[in-house]
Structure formats: C-alpha cells, structure tokens
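You will see two complexes here that share chain A, one where it goes with chain B and one where it goes with chain C.
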Partner chain A sequence: MDKRSYKYIGRNVTRFDAVDKVRGRFPYLADEPFPNALFGAVLFSPHANAVVKKIDVSEASRIEGVEILTYLDAPNARYNGSEWFPGQDDYPDETVLTGHARHVGDRIALVMADTEEKARKARDLVRVEYEILPAVTLPETAADMAGMLHEDGVKSFDGSICYGDLEKAFSSAAYIESDTVTTPKIHHAAMETHSVLAIPRGDVLEVRTPCQITFGVQYSIAQVLDMPLSKIRVIKANMGGTFGGKQEVVFEVLCAWAANRLKRPVFINTTREETILSTRTRAAVKGKVETALDADGTILGRSFELIVDAGAYLTGTKKVMMAMGKKASRLYRIPALSYKGSVVRTSTTPAGACRGYGSPQIHTITEIHTDLMCRRLGFDPVQFRLKNLLGEFEEDPSGGANIGKARVIECLSRGAAAFGWEENKAPKVSGGRFFTATGFACCTHGNGYYKTKYHDFSNMSLRLLEDGSAILRASIHELGSGATTALAQIVGEVTGIDVSKITVTEADTQFTSYDSGCQASRVIYVCGECARLVSEAAVKMLTQEASKLLDRPVRFYEGGLVCEGKKLDLGAAVREIMEKRRVSIEVNFEHRPESNPASFGVHFAEVTVDKLTGLVKVNRYLAIHDIGQAINESFVRGQIYGGIQMGIGMALSEELPFDSMGIPRVRNFDKYHLVNAPDMPDPEIILIEDNEPGGPFGAKSIGEISTVPVSAAIVNAVNRALGSSLTDLPLTPAKVVEAARNMGE
Partner chain B sequence: MHIRLAMIVGVMFLKIELKINGKFRTAEVSASERLIDVLRQKFGLVSVKEGCGAGECGACTVIMDGEAVCSCVVPAFQADGHDILTVEGLEENGELDVIQQSFIDCDAVQCGFCTPGMIMSAKALLMKNPCPSREEIRTALAGNICRCTGYVQIIDAVETTAARIGVCRR
Partner chain C sequence: MTGLFAPRSIEELLSLLAGSGEHEKHFIAGGTDWLIKNRGNISEDAVLFDLSKIPELRGIENRGSYLRLGSMETMTSIHTDPEIRLHAAALCDAASSMGSVQIRNRATVGGNLANASPAADTPGALAALNASAVIFSPSGTKELSIEEVLGTCPNKNTLSDSDIIMEFRIPVRKSHVSAFKKIGSRSEVSIARINLAVSAKYEDGAFCDAMVFVGTLGTAAKRSPEAENALLMPISLRKEGFKKALCEFAGRMIPSRSTLPYKQSAIQALAEDVLEMLEARGRSLEKSGEKSHG
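Then we have the complex of A and B:
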C-alpha cells in the first residue's frame, strides 16, 4: 500500500486523553479518594543495614481508628517483584515488610488511618530500636560482605554469554583496546509518585495501580496471599509516568495483603522522598570492555566484565544484566564474544527496570569505549563504525532473533551529513575557556521477547458495534506515550472506522485477555500487530456475514463495504447482521510474534564545555532513528525528545549517591538535577521509515531506544572537546574541571 | 491581613478568605496546612498536583495575584486575601482557554502529570509578556519539570498560544 494513501498511519491524531489532561480532569489515584479507604503510611527504615530489636506501637495505636501492621504480622513468603509469570527463576529475597532493614527506605510497618495526616502522625509515633550493622555500599566489596546484608549469604548472581573463538580473536589481533566505564544509579523521576489502592470485594481482591504489567502484579500478589489468580483483579490505573519505575511490583503486594487482612480498602501513597528511597532505580554498572581489532579496524572479538549493583534486593537486576549482554551482539558484527556479568546486592535503594532495560548502560559503555579506542588508534569514529555496523537481516550470533531490516548504517551516514560531522569534528575554542565539540553514538534495542527465554503474546478482541463504532478490548497500559491512541489508529486504518469512534481499553485482569505487558518495547511491534490482525479478522467476518445476509458478494474496499459497486454503511450492515442473522461481529485473536527485529538510532550532540565552571551546555542535537514506520509521528517525536532529556541527565547530572554508612545524599529534587527547559536543546529529528517486516504497517519500537545513545553521545562530545577520557558518569562540574585542568599535560 | 483565629478541639485554625477561580471562598485552615492541601482537599481542585512537596518540580503551580507560585510551599493562611487561579479556572463557558487548546494541538501532553502546573507557569508568563521569545519561555518554565516530553512540544505550545492571541508581530 502506498504510504501517502494512509488515512491514519503516520498521522498526528490527537491523543484521546489530551483534553482531560489539559483541563486537569484526568484523575490519578491520589485525585479520587476511595470511600472508606484507609490511608496507609509506610514506616521506612532510616538505617541502611539494621535489625529491628524492638518495635513499640503502643503510643501510635492509641490514636483512634489507627490500624498498624508490622513485620511481625507479615507473611514470610519471599517473592521477587520483577517476575511477571509463574516459573521465572528470579531469586526471591523480598518480603512485604521486614525486621531486617536492608536499605534506607526499607519497609518495616504499615500504619493506616482514615486520613493521610493521621496515618503519617501515627507512623511517626511508632518507636523502633535497631541494631545497626555495617552498610554495604561498594559493589566491589559487596560479594564478600553478602552475609551481613542477607541471611541467605548469596554473594552474587552471575551470568554469561559466550560465542565464537575468543582466544583466537585476541591472539590474532593487531590491536587490543580496553576501557572501564561507570554509569550511575538513577531515579526514574516519574512526576507522579508511587501509589496503589486495594479493595476487598467479596471473594475478589481488587487492586488499582498505575503499573505496566497487570498480570505480573496479579502473580506477585498471589504468591504472598495464596489466592487463586482468578480472585485477584488488577486494574491499570491512570498513570503519571513510569519509565520502568512502575514496571516491577513495589507497594502492590503490601497494600493487597493489608486490605485483605483488614477487609477494608487501603490506599498507599508516597512522597517524593519515599519514592526516591523506597522504589526502584536504574542499576549502576561498572563495565570493563576489551576489543580485539585487525589492522584495518575490523572487530575480531570483544569481551566484557561487568559488576551491576542491584541495591538491597535482587529485583529484576539479573534480568537487566542479562538483557545488557543480549544487546552486545546486535549492533556491530562481533565474531567472538564473551560477556560476564556479576550482580551484587548493596544496602542501597533497589534497582530494577528502567527505560531501556540495561540498553542505555551497555551502549554507554561500548560507545564511549569505541570513541576512545578510535582516538588512541587514529581511526575515524564514523568510518570505523560504518565498517563494523550490522547490515540488514544479519543473524545475531548469540542466538537472538534475526536483526531484521537494519538501517543503522543509513542512520549514521545520513546523520553525519545532516549534522555536519566532517566540518565540525575538530574542537573549537573561544574566550580561552569555552571548548565546543561534537560527539555521537549508535545504539540498538529490541521489539518484544521473541527468541528470548520469555514468552510473548498478545490477545485482543474487537467488536464492531451496531452504530459502526468499535471497541478494542486489549490489555494495554497507557504510560503516557499515546499507545491506546496509536492502537486506535491501527484499527481505524484497517477497518475504515473513524478513530474518534474507536475505544481501546486498558488492562483489567478480569475483563481483558492475556498480554505480556507494556515492557520490552513490545507495544507497537507486538500489541500493535495484534490490533492490526484482529481488525483484519473482524473485517473478514463482517464481509462474510454481509455476503450471507445479502446473498451477494460483499467486499471490503478502500475502507468501506462494497456490494456490486455500491457502498454499504458499516453500522447498518452490523445492525442488520445482528437482527437478521443473529450474529454479532466480534472476533478474538492471539498474536504470537515470530520475529523480534532490532530498532536502531544514532544521536549527534554538539556541546560547549566551560573549562572554568565545568558546566556543559548542549547546543545542537540530532536524533536519527530507524523505526520502520511511525504510527503517529508526533508521538514518536515526543518519545525521542523525552528520551534525550533523560539521557542528558544520565550523562551530566543525575545520580543517587550514598555515603559510607549507606545514607542517601539525595532525598528530593533539590539535590537531584533533572534537565529543565533552559538546559534542553531543540533537537532535530530524522526518521528512517523503511517498513520492518512483522510490525503493523512496518512499525517498530521507539520509546526505550530513544534514550539509549544519548549519554554516550554527550560524553563523547565532552571528551572530544577536552581531549579527555572521562568514563565515570555523570560528568559533574567537578569531574569536568578536573579533566580540563589536565588538558595538554 | 484580617485573619480570624478559632480553636477547634485544641488545634488552632485560621479563617481565610480568598478568591479562587473568580469566586470568593472561605476556609478554615490549620497553621501547618499548605495552599495545595486547601485547594485539593477543601475545594476539590485536583488539577493541582504534588510532585515533590518542596518547591522543586512545579507540578503544583497556581497563579497567585498574577504570579506563578508553587502551592506546596505557600502556607495556606498566606493566601488570605489573595486571588488564586488554577487550571480549573481557565475554561470559560465550557470552552478551553487558547493555551489549553495549544497544548492539545502541539501534542505537549504525555502522561499529563506536569501539565496543569506547566500551563499555569506558561499562562503567568503570557499574562505579563504576550510575545515571549523561545528563550524567555524556557526561562519561565525553568521551575517546571517534565520527565516525558523533553519540553520541546510544550515550548511549541506556548509559542503557538502567543501567536494565536495575536498581539505579537514577528
């Protein structure tokens, strides 16, 4: 089909919830108090590693109407909140409440009252005596101290990926180059803090949560409450941002357990400090990468050794670490590879899923290394990459899915031309202290779970209603990216139904069918394709039924029903079929993808470094992405701009440091520096839309990949500006000043 | 200031009178209550969001006497005698304000949590400076954090609003 004739695909349809959101009438959980609900204030540990010796709730419980549940009341069942399906082998080391606090912000008790004020006041009256143990703050020594933090004594959670003859690659190499790069622990900073509501209703426990995987929440709760999955109803609530921070289960199990026990609705809401200290973070990584090259700069082999900081509980960090390894062979042609990762637990806020699921970390490590290696060896960084990047439909030697219709080479060459790389690659100095230079980085990310250890499918049904409108019953989680509207555009394109007449549901485990969740960059490629296929099936059913009704062939042509040259009204056809043939037009479809191609992107940044203050200003920016096809171009741009905002923060200013006692130095945004409007460039965006097979109308993912190459592009630009080899992120002013001082030495 | 004190079960309450979205309102507030609490809990104006509670994110921005303020750091009693505008007060006869429409048209909204505060900061800017440059818009929004949009489409929306208001000749 000619792209220009699309009615909805690629068009900037307004997102369904935009009007409510600009009116301030889009209710998040905290905006709609639930009748008779108790407000739950969690009592968080002020210590990094401490065992509770005594807990005294007497004073707090004297306040009328206060209910208190402590770790002494809580079930011992251990779970891992990153698991979203039974049988995933993520090590369970978390309980709903604990008498051994393993980080500042660990959950000791839940204090509930009819108002937030009362609950918080009562919470502050609970007296706890702790025996303080040594904090485990350094990933390097965490394995040796493991027994102090977790009674299980597990030192680390290791994993590896290996293929090819690495020994030969390294022994025959003309050059062997290595670098060590450190990426920081980061706060997701969704503007809405974490909250959850649990409502006991007869034998069903209802949980409303702004989450990414309702079926995963359901499963986590079932592990602790010992209830059948069918009796736990999880409803996706309106969400004020996530970025992976609300992907894993954090307060849901605690809230569900408390509500079930008290037989009353319980609502847990958190402050920013509580969300920063007690939820999830992006895992900090220290990675050593070593590359073997032949004399012309062709990669022969690469090895990695990583240490990944899970924080106080394992969470999904081992999954993240393995996902990082899985990305290592999907950007450049690497004939032999060894990837070794070690995940350790420290007495700091737990890590977990975060936009890109390890991709930003691994590509930051390899892309900074690639630039430094090129500089040391005298290779041009563009030419070096062009020589080694993957071409279309290459296989992933690690056993992952075929790379698909890769357009990364086009991204790089078109981007280099558009950004004026050749003209701008030499750093410029002005006023003796301002150094301006350009950097760039390439990256890849996935499109679902096909050919990984996890299953991937989406099940939806589409009903065409008797007035010609449609409802797509789908387990979608709208994260703010516009996914529900994009899916409606797909349905509208196939059925010809006006998008304004299409409703797309969000996940409700009681009414919508199974879906692997809004994670793994699978929503457009997998769920979107499911929406397309279910729409085609509905159209097929409609034409068949209409043909039987009229006893003449009815076809679907150019977005409408046609019978012997005459257009039929879709609503009238549905009505008559229902009335006369006693059949409703509803189909159910399950899509199980058999491909999982790579998305690609290359970002270019021009920065000016002030040698005196160490401040880095991003002047110009270009993001070029291989996305197959934009379903809604404006949504795609929005994802990319937001991804750049996050990536600049990771490169320059965002980090969650802890002191040697494990006390967090950051508790709110006063000390956590997010990129604001004055610091954000106006990026230029180029989309390469070359139709990826297996995606709806050729579309593939953008939301996660858009943040993946940013940090490396910025760091590479700073390193070119100063001639430095900075590899310890974020590049705070102090580090930049120090590097500038060493210039030319 | 004409604050009246009252004691209700041992807690000191202050009676305040203020104008909210064009209507005179009164409320009894405790000394520790913040403007955001009064707006959300007493008047149901839940467009006012709490993102940090510390004056650092701008999600709670309202316009007080023509100035954008973070309602999480304004003690409620200080609002006595003042004029407060929230997003709920922007619509006239059920019609969206041009700034709201521009946010929609420029796709300046993703998760929407920062949106009301962002709109109020931008509105306060436009009330004072109907033809701001892109740089002036950035500066006016410096205290409003958005994690979703990277600000670009928000700045576009503010520019579009200025153009639609039509005082600018550029």
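Then we have the complex of A and C:
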C-alpha cells in the first residue's frame, strides 16, 4: 500500500485523553476516593540496615478507627516483584513487610485509617526500636558484606554471555583499548507518585493499579495470598507516567494482603519522598569494557565486566543485567564477545526496570568508550562506527533474533550530514572559558521478547458494533505514551472505521485476554500487529457474512464494503447480519511474533561547557531514528523529546547518592535535579521509515530507545569540548570544573 | 493550630498580636517557604497571621533619597517595576532569577529575608544596595541593616517572634550601578550554589564606594572587604584582582567545606559576569547622562 494513501497511519490523531489532561480533569487513582476505603500509610525505615528490636503500636492504636498491621502480622512468603509469569526464576527475597529493614524506605508496617491525615498521624506515633547494622553502600564491597544485609548470604547474582574465539581476537589485535564507565542510580520521576487500591468483593479480590503488567501483579499477589489467579482481578488504573517505575510490583501485594485481611478496601498512596526512597530506581552500573581492534579499526572482539547495583532487593536487576548483555552484540559487528555481569545487593533503594531496561546503561558505557578509544587511536568516530555498524538482516551472533531491516548506518550518515559533523567536530573556545563541541552516540533496542527467555504473544478481540463502531478488547496498559490511540489508528486503517468511533480497552484480568505486558518495547510491534491482524480477521468475517446475507460477493475495498460496484454502509451491514443471520461480528485473535528486530537511533548534541561554573548547556540537538513507520508522528516526537530530557539528566545532573551510613542525600526534587524546560534544547528529529517486516504497517519501537543514546552523546560532546575523559556519570558541575582545571593549567 | 488571622491593617495586627499572648506565632507572607517547612507538623497551639491583607506592607515608591519597598511585594512585582530597575538593578536581577514564574508570583522580599536561608537571593542584593529593613513590633519600630537581620546563624533571623519586617529602604545614589548573579544546578528554578551582589559608584570606567556581598558562605549575605578593595584597582588589573579576592574570601569563609573548590571556581565566573554587567550598566549610565542609578 502506498504510504501517502493511509487514512490514519502516520497521522497526528489527537489522543483520546488529551482534552481531559489539559483541563486537569483526567482522574487518577488518588483523585477518586473509593467509598469506605481505609487510607494506608506505610511506616518506612529511617535506617539503611537495621533489625527491629521492638515495635510499640499502643499509642497509635488508641486513635479511633486506626488499623495497624506490622511485619509481625505479615506472611513470610518471599516473592520477587519483577516476575510476571509463574516459573520465572528470579530469586525471591522480598516480603510484604519486614522486621529487617534493608534500606531507608523499607516497609515495616502499614497504618490505616479513614483519612490520610489520621493514618499518617497514627503512623508517626508507632514507636520502633532498631538495632542498627553496618550499611552496605559500595557495590564493590557488597558481595563480601552480603551476609549482613540478607540472611540468605547470597553474595551476588552473576550471569554471562559468550561467543566466538575471544582469546584469538585479543591475541591477534593491533590495539586493545579499555575504559570503565559508571552510570548513576536514578529516580524515574513520573508525575504521579505510586498508589494502589484493593477492594475485597466476595471471593474475588479486586486491585486497581497504574501498572504495566496486570498479569504480573496478579501473579505476585497470588504467591503471597495463596489464592487462585482467577480470584484476583487486576485492573489497570489511569496512570500519570511510569518510565518503568511501575513495571514491577511494589505496593500492590501489601495493599491486597491488607484489604483481604481486614475485608475492607484499602488505598495506599505515597508522597514524592516516599516514591523516591521506597519504590524502584534505575540500576547504577560500573562497567569495564575492553575492545580488540585490527590495524584498520575493525572490531575483533569485546569483553565486558560489570557490577550492577540492585539496591536492597534483587528485584528485576538480574534480568536488567542480562538484558544489557543481550544488547551488546546488536549494534556493531563483534565476532567474539564475553560479557560478565555481577549483580549485588546494597542497603539502598531497590533498582529494577527503568526506560530502556539496561540499554541506556550498556550503550552509555560502550559509546563513551568508543569515542575515547577513537581519540586515543586517532580514528574518526563517525568513520570508525560506519565501518563496524551492523547492516540489514544480519544475525545476532549471541543467538538473539535476526537484526531486521537495520538502518543504523543510514541514521549515522544522514545525521552526520544534517548536523554538520565535519564542520563542527573541532572544539571552539570563546570568552576564555566557554568550550563548544559536538558529540554523538549510536544505539539499539528491541521489539518484544521473541527469541529471548520469555514468551511473547498477545490475544485480542475485536467486535464491530451494530452502529458501525468498534471495540478492541485488549490488555493494553496506557502508560501515557498514546498507545491506545495508536492502536485505534491501526484498527481504523484496516477496517475503515472512523478512529473516533473505536474504543481500545486497557487491561482488566477478568475481561481482557492474555498479553505479555506493556514492557520490552513490544506494544507497537507485537500488540499493534495483533490489532492489525484481528482487524483483518474481523473484516474477513464481515465480508463473508455479508456475502452470505446478500447471496452476492461482497468485497472490502478502499476502506469500505462493496457489493457489485455499490458501497454498503458498514453499520447497516453489521445490523442486518445480526438480525437476519443471528451472527455478531466479533473475532478473537492470538498473535505470536516470529521476529524481534532491532530499532536504532543516533543522537547528536552540541554543548557549551563553562569551564568555571562546570555548567553544560545543550545548544543544538538532533535525534535520528530507524523506526520502520510512525503510527502517529506526534506521539513519536513526544517520546523522543521526553527521552532526550531523561538522558540529559542522566548525563549531567540526576543521581541518588547515599552517605556511608546508607542515608539518602537526596529525597525530593529540591536536590534531585531533572532538566527542566528552560534548559531543554529544541531538538530536530529525523525519522527513517523503511517498513520493518513483522510490525504493523512496518512500525517498530520508539518509547525506550529514544532515551538510550542521549547520555553518551552529551558526555562525548563534553569530553570533546574539554579534551577530557570523563566517565563517571553524572557530569556534575564540580566534576566538570575539576576536569577543566586539569586540562587547562 | 488554634487560629488564623488576616488583619486588614498594622493596627489590627498589633491588637491581635497582643491578644495572642504566649501562643506560638507564625507570619505567613507568600507561603513558599512556610508551607514546605510547616505542612503537616504545625504545633497545636500555634496562631497564624496572614500578612497579605495589610496595605502598609505593600508598595514600591521613590521617596527622593530612597526607594520604599513594602515587605509583601513579590518577586514579580519587584523585577517588573521601573524604579527598581533604574535604582536597584541588583535587586531586579535577583528577583527575576529566583524560583519559577509561579514562585516569583507569590514569594515576597520580606519572606526571603526573614527565612534567612544561606542560599537566598534577594538579601545579598539588598545588602549590596545598602538597604535597611524597617522592623515593626508592638514596642515600636526600628531600622536594621540586612546583615543585622540575618545575624550569624543560617536559617534563623535575629528578629523576635512579634517583629515584622514592614519595608525596605534602598538609598537612591547618584552614579551608582549594581548587579547580581547566581549559579545553581540549572539556569532556572534552582537554588543558588553561590551568588554575588555588587553595587559601586561608577566614574569614567572606574569604581569606588563598592559594596560586595556573597551568598551561601554561611549566611545569605557575607560582605567581602577584599573584593570591594579589588574593585578599586586599575582597570587593567581589576578583573583578575576581583576574581582572586573573591576566591580568597570564599576560602576564608568556608575553609574546610568540601564544596569549597567548586565554589572558588564558580565565584570567578560570577566575578567576570557581574563585572561585565556593572561595566555595561556604567557605560549606559554615562551615555544617558543619568544623574542617579542604583
């Protein structure tokens, strides 16, 4: 089909929730108090590693109507909130409440009352005596101290990936170059803080949560409550952002357990400080990468050694660590590779999923290293990459899915031309202290789980209604990216039905079918393709039924039903089929993808570094993405703008540091510095749309990959500006000043 | 909390204060500091006084020898006021660069000083402009310097609990120029890591009568005599001398703090920028033939 003739694909259809959100009327969980619900205030530990010696709730429970559940009441069942399907072997080390606090913000008790004010007041009256143990704050020594933090004594959770003849690669190399890069622990900073509501309804426990994987929430709750999955109904609630922070299960199990025990609805809500300290973070990583090259700069082999900080509990951090390794062979042609990762637990806020699931960390490490290596060896960083980047349909030597219709070389060459790389690559100095330079970075990310350890499929139903409208029943989790509207565009394109008449549901485990969850950048590529296929099946059924009804051939042509040259009204056809044939037009379809191509992106940044203040200003920015096909271009741009904002933060200002006692130095936005609007560049965006096979209308992912190359592009620009080799992120003003001082004088 | 009052005049405030006896008293101006500090933990017996309805605490006017600035004027009203811009440019700089639009619309200059955060922006500017604060209390009014209000303890002013900052008096001085700049983690909505306010008399490219105040080195406005002297140096040596003096000053104020190396670097950038602003303002003052400038 000719792209220009699309009715909806690629068009900037306004998202269904836009008007309400702009007017502040879009209701989040905390905006609509549930009748008779108890407000639950969690009592969080103020210590990093401490065992509760005594807990005294007498004063708090004297307040009328207060209900208190402490770790002494809680089930011992251990779970891992990152598992989303039975049998995933993520080590379980978390309980709903704990008498051994393993980080500041760990959950000791839940104090409930009819109002938030009362619950918080009562919570503050609970007296806890702790025996304080040494904090485990350094990933480097965490393994040796493991027994102090976790009674299980497990030192680390290791994993490796290996292929090719690495020894030969390194022994025959003309050059061997290595760098160590550290990336910070980061807060997701979704506007909506974490909240969850649990409502006991007869023998069914209903849980409403702004989450990413309802079936995963259901499974976590089932493990602790020992209930059949069918009796736990999880409903995706309206969500004010997640960025992976709401992908894992955090307060859902606690809330469900408390509601079930008290047989009353319980609502848990958190403040910004509580969300920062007690939910999830992006895992901090220290990664050493070593590359073997031949004399022309062709990569012969690469080895990695990483320490990944899981924080207080393992969570999904081992999954993240392995995902990092899986990305290492999907950008450059690397004939031999060894990847060794070690996940350790420290007495700091737990890590877990965060936009990109390890991709930002691994590509930040390799792309900074690539630039520094090129500088040391005198290779041009663009030419070096062009020589080594993967071409289309190459295989992933680590055993992952075929790379697909890769357009990364085109991204880089077009980007370099558009940004004026050649003209701008030499740093410029002005006013004695302002250093301007350009940097860039390449990256890749996936499109689902096909050919990984995890199953990937989606099941949806489409019903065409008797007025010619349609409902797509799908387990979608609208994360704020516009996915439900994008799916409606896909259904509209196939069926010809006006998008405004199409409803796409979100997940409700009682009524929508199974889906692997809104994670792994799979929604457009996998769920979107499922929506396309179920739409095609519905159209096929409609034409067949209409043909039977009219006893004449009915075809679907240019977005409508046609019978012997005459157009038929879709609604009228559905109505008549229902009336006369007693058949409803509803199709169920299960899509099992057989591909998982790579998405690619290359970002360029021009920065000016003030040598005296250490402040970095991003002057110009270009993001160029191999996206297959944009379903809704304004959504794609929105994702890229936000991705850039997060990535600049990781490069320059965002971090969650802890002191040697494990006490967080940052608890709120006064000290956690996100890049705000006045400091954002006005990015130029180029989309390469070359139709990826297997995706709906050729589309592939953008939401996660858009943040992946940003930090490295910024850091590379700063290093080029100062001639420095900064590798310890974020590049705070103090670090930049120090580097500038060392270079200058 | 036992009561919230919104008096309509100073007189009414006075009688309410007298009536509130031993209760803990809180004044609320724009509330941008107060709310964050007190939300959820205000004591049972506290009495709150909303200062926003008292006309005597408002207004910006030129009284000939000085500008009268009501303590309840907001950052927005200050930085958009032509008299302030003309005679108190440093204050205009400080008010326009603090917080965000929303904060500037509520935050008052009286609250900024009373709150006494070492990182506050307008106290240094006011001090450099040689402004005084008129303090009102049931026992009478008094006029204090900015440094006297700040005292030596960070985050605590020297006023007693019934004292109110009524207004500021900023001298209108002939041929004077002033400027303020801060460095935070971002260009906007960012608390100062360091800030610098300077006023001086400008004549044929030279400065005299300089007043130099630096913020974040213990309190919001620490005066640096060495930097003031450096501004008197010959033009060819002035910039480097000013930078060096401020560097030494920071070293003297916070000798053992881990942030010192950074602050010493950043203050040199401020020195360059503020000096440039002063010179530019001086030149335009001369060009316009204006007699007085602040």
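Assume the second predicted complex is superposed on the first by the 743 of 745 C-alpha atoms of A that agree within 3 Å, B and C clash if a C-alpha of one lies under 4 Å from a C-alpha of the other, contacts with A are read in each partner's own complex, and residues count from 1 in each chain.
Heads up, the rule we're going with is that a contact is a pair of C-beta atoms (placed from the backbone, for glycine too) under 8 Å apart; a residue touches a chain by one contact, two chains touch by 3 or more.
On a predicted model such as this, the values are computed, not experimentally measured, just so you know.
When the two structures are aligned on the shared chain, A:418 is found in touch with neither chain B nor chain C.
Of the two partner chains, neither chain B nor chain C is touched by A:426. Contacts of A:162 after superposition on the shared chain: neither chain B nor chain C is touched.
In the superposed three-chain model, the partner touching more residues of chain A is B, compared with the other of chain B and chain C. Looking at the shared chain after the overlay, A:678 reaches both chain B and chain C.
Of the two partner chains, neither chain B nor chain C is touched by A:132. In the superposed pair of complexes, A:738 makes contact with chain C only, with no contact to chain B. In the superposition on chain A, A:23 makes contact with chain B only, while chain C stays out of contact range.
When the two structures are aligned on the shared chain, A:174 is found in touch with neither chain B nor chain C. Once the two complexes are laid over each other on the shared chain, residue contacts for A:612 go to chain C alone; chain B is not touched. Shared interface residues of chain A (contacting chain B in one complex, chain C in the other): 670, 676, 678.
Per the touch definition, chain B reaches chain A in the complex via residues 40, 45-54, 56-57, 59, 86-88, 91, 96, 100-101, 103-105, 107, 109-116, 119, 134-135, 137-139, 141-155. Across the complex, chain A meets chain C through its residues 120, 433, 610, 612-615, 617, 653, 670, 673, 675-676, 678-679, 733-734, 737-738, 741. For chain C in complex with chain A, the touching residues are 40, 183, 185-191, 193, 259, 261-262, 265-266, 268-269, 272.
Looking at the complex, you find that chain A touches chain B at residues 12, 14-15, 17-28, 30-32, 188-193, 239-241, 243, 271-272, 479-482, 634-635, 637-638, 640-646, 668-670, 674, 676-678, 680, 682-683.
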